[in-house]
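Mind looking over this structure? Questions follow.
Letters A, B, C and D mark the chains as written, and numbering starts fresh at 1 in each.
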Amino acid sequence: MNFRDVGLTQEEFEIIQSQLGRNPNDLELGLFGVLWSEHCSYKSSKSLLSWLPHEGRAVVQGPGENAGVVALNDRLHVAFKVESHNHPSYVEPVQGAATGVGGILRDIIAMGARPVALADSLRFGTDNSAAIIQNGVVEGIGRYGNAIGIPTVTGEVAYSSVYDKNPLVNVMAVGLLPLDRGVNAQGARPGSYLVLLGQPTGRDGIHGASLLASQDFGDATEHMRPTVQVGDPFMGKMLMEATLAAIATHKLDAVQDLGAAGLTSSVAELCYRSGVGATIRLEEVPCREQGMTPYEIMLSETQERMLLVVSPDNWPGIEPIVQHWEVPYSVIGEIMDEPHLVITMRGDIHAMVPPEILAGSCPSRPARSEWANEIRQNVPHLTSFRPLTFDPEQALAVLGSVDCRSRHRIFERYDSMILANTVWGPLHDLAILRTKGSKEGLAIALSGPGRYAARDPYSGGLAAVSRVVGLLAAQGADVLGLTDGINAGNPDKERVFRELTGLIAGVADACNIFAVPVTGGNVSLHNETEGDSIWPTVVIGAVGRHHHPLEPVPDSPWQEGMDIVRIYPGGDWSLGASVFELLFSQLSAYPRPDLERIRRVYQALDEAWNKIPSYGVRMIGAGGLFVAATKALLAMPASLGMEISVSPDDAVRQLFSEVSGQFLIFCDPQATPRLMELLGPGIAGEIIGSVTPDSNLVIRAGRAHRFERTKLDRTFRFGYGG
Amino acid sequence: MTYDVVVNVSLKEAVLDPAGQQVARVLHNMGYAMEDVRIGKQIKLRFQAADLTEAKENARQMAEKLLANPVLETYEILVTEP
Amino acid sequence: MKVGVIIFPGSNCDRDTIEAVERLGMEAIPLWYTRKSLTGIDRLILPGGFSYGDYLRSGALAAQAPIMEAVEQAVSRQELPVLGICNGFQILCERGLLPGALRPNSSGEFRCTWEYMRITSVPRGFAGLKEGDVLRLPIAHHEGAYAVQPGQLQSLFENHQIFLQYSDETGSVHALTNPNGAVANVAGISQGLVVGLMPHPERAMASYLGSSDGQRFLKAWLGEGSQ
Amino acid sequence: MTYDVVVNVSLKEAVLDPAGQQVARVLHNMGYAMEDVRIGKQIKLRFQAADLTEAKENARQMAEKLLANPVLETYEILVTEP
């Protein structure tokens, strides 16, 4: 076997030779191959990710562990992270997506958290097979989440032909743990057992996720298709209960899930983080198939497995727990002082490598901060697409477009209510969960407006962070932390690496301005097929502390006569990168969000809860004001309607602009002046309409255009002309 | 002519069958000396074709394109002459 | 009153159910599926979930669990009120303790939505619910289409065993209010002291969760509903 | 002795098969002259039994008690001699 067979470069191989002081044998080469792959080592993104701020008052655990952890209050911590399963979902949509859900759940379980929510961010193509892929992915996410019993409470989806052969499946998991429950992968002590729990190991996905995710997908890799991993949510459930019960004893040294690159990655990372070595006896690993070689056992990506480290003294207290939950298990080795990972099979040593070299020595690609500066300065030219007259048919086409229409066909296939915490589920722009036994609840938002990054990744990064922070601000919720899922093409190409640089710089700058930390995330590169790469796509998940979860700030009006106010951070009403533009012109650049002003809008919203007796608020997003108003209308009692006026010469731009930082506020006319006072200088607040007693939407742009509620409802639910 | 064709779809041998595993476990607990259980689909098709050769070819295409997922499954075709 | 809640491997609404029972002031006793006796239990709930992964057919594998022997005996002695919710309902049908079977939804897809449903006849022992009452409860299932052997439906109606039917807000039952393809929109049935329903009352315990009709339903089953 | 037994479980004839109908519709749209599609399960059992008679009897019991739901389904048993 040659270093190229396992995806290593000449340079990397030479580093391995010099650090080991010898040539690695085949098994060792395989271990390096997966651990030094893009997927496991983050070699192309690590230095870019170092730009992200990790510090925050609520941060308990930043990046570097299985998931980030933040403090909800003085009793509860929240573990959360986003993870991608893009390539596997293209190869086999149902199982690819299902195992993605299982994988991210195990990440937060390994931190000691009991999962309470899932959220999914999906990108699909527009060709014939895209619908089949979408159907499979949704089926897979539901199949796993529903069966293991964790609600999928929010999510998002978007479409573009750039995702035809590279769909994106990013899933976020959120879990809760009592303060004293935390574990991690750093506490392994010499002499302790390595206990492998869960599904017996098969030849699943050998050299699969990790290697495929590190190469471009194309005909050349077709023959490398591994045995597809099949998710078993039932085993996942038993494993979750067993692991959480074992952690609750406080008798474990460390816990590490098995994800990409299976045992190899989990043992190497565990040892590296704990500063120890380990011996593994492969004949002790329960296998599903006969005659599996050391190479296969070490690289298998069989799902539903977890590694516990427990001292011989404590093991007798743990074993009965594992037995109660009927999870297969085996003591497969011990931790040792000497910093070596020794892999044996029936007494023969098959590999012996320092974990430090395996997990800590992969060279990484340097970040180019001068590129980031260039990108910051290089504000894209905005085209001046100014359609003049408002056409109601165009409005309906925007509402019914794939980018705006109702997602009920997706989220109704997910159990969004199990665990009985969901106060706001997928019918809203963000999810709000109560937490049992605490006054504070969770606000969870997930978003990654991809179109905005298509022409100017930096703007896309800014907008993604800005959107989730805004969704939480509208509820008066404190952002505890963010998790980011970064998806892009082949980083060896300068264009792609530049895009990645812009995207991450945007996320970092926005996080700094809003003073919110990133506590973890995921990077998926090589999302390209035959040279065509996806738009650089960042998905941001936010977890916030909601102060009154049982009474969210409504997102639609509830009473006749209420004012409809639009807040706007100023600047030009650009249609750049909007759905309107996509449908009726062509995609131009998204206007750079003015974060300073947006921050002031958010501050005002944050204060509103304390100063204004009752009001509603809804963020304006895809489809602009028209779509936001329609969604609010459809959520109101059927007897109520809205009338909204916009300036006749600028109607189209005012109704369809997707510029960041716009909100609709619904409030009692008496309270409107107080609301306006909260808005700082330069922030525009304007009464644009009111709630009427006639159930329909009337848009006044010079003349009045009337949209029947039933027509809006049908268009929103089934698409334009549907 | 009308043909009755049965397409049996089963998981590839190396692919995990969680449903089969659990059924085996329960049958074991019910007292049977189980070694293995695998669960597949039996799809009974009735359709028109010009002759037996065409019927077989049609069934093969249906299995390839729709009935079996080539990533995970294999299939076999049984034709009963009309 | 001691309300037993059976936990099968793969049950996942057990915690929600226990909490709902406790919220109504009752003592909830978790019962692991390997138990062989039900002594000391006054009422029994089989909660929702994916017992044994719902593999083969939903509820089929759990129906063979050791504790179901004891349930069957208690039922045959007519001494234990039993409530099956969602997967619990499927298990009771698979065990033959309720007539009929639950088939995959006609859409072939899992479905989680809020639905209205009408009380068609009040099962034995329910207090505070009357015929024609409409409840709003969530459903969340993949195999929830109630089915019976050809010809059996009539007698179930005649025996007042069909107790819950998917309806509209006003209680009228028609094809458009059928979320899953259940025969005659059946959402729940009863047989003696055994009751099963697909919707999840334990998730509808407070208006901030979407409805408090679940509380009303469970109170009635516990015999605590206002008369 | 180890026996391989196949239990084919299918819906009773009088019972509607929405999944089968769905597949029939798709195949029809793909251009095949479908008259009917019914989808059942094919369960492959491997277990120990003293002899062929016992193996058959065991399989029958498994089908009756677990593998088929008598409300809606029927089954057939195929035994391959070891």
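As a working rule, contacts are C-beta pairs under 8 Å (C-beta built on N, C-alpha and C of every residue); 3 or more make two chains touch, one makes a residue touch a chain.
Which chain is which protein? Per UniProt: B, D = Phosphoribosylformylglycinamidine synthase subunit PurS; C = Phosphoribosylformylglycinamidine synthase subunit PurQ.
Everything numeric in this text was worked out from a predicted model, so none of it was measured.
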| field | Comparison of C-D and A-C (more C-beta pairs in contact) | value | A-C
| Whole-Å separation of chain centres (CA-atom averages), chain B against chain C | 34
| field | chain C and chain D, separation of their C-alpha mean positions in angstrom | value | 29
| field | Multi-chain contact sites of chain B, meaning residues that touch two or more partners | value | 18, 22-23, 26, 30, 39
| message | Using the touch definition from the top, which residues of chain A touch two or more other chains? | response | 232, 234-235
| remark: Contacts with two or more other chains occur in chain C at residues 52-53, 55-56, 61, 64
| said: Graph shape for the chains shown, where an edge means the two chains touch. Line, ring, star, complete, or other? | reply: other
| task | Within their complex, state which residues of chain B touch chain C. | result | 18-19, 22-23, 26, 29-30, 39
| said: Applying the document's contact rule, which stretches of chain C touch chain B when the two form their complex? | reply: 52-53, 55-56, 61, 64
| task | Write out the stretch or stretches of chain D touching chain C in their complex. | result | 14-15, 18-19, 22, 65-67, 69, 71-72
| In the complex of these two chains, what residues of chain B are touching chain D? | 2, 8-10, 23, 26-27, 30, 32-49, 58, 62, 65-67
| said: Which stretch or stretches of chain C touch chain A in the complex? | reply: 9-10, 12-13, 15-16, 19-20, 49-50, 52-55, 109-113, 138, 140, 142, 200, 202-203, 205, 208-210
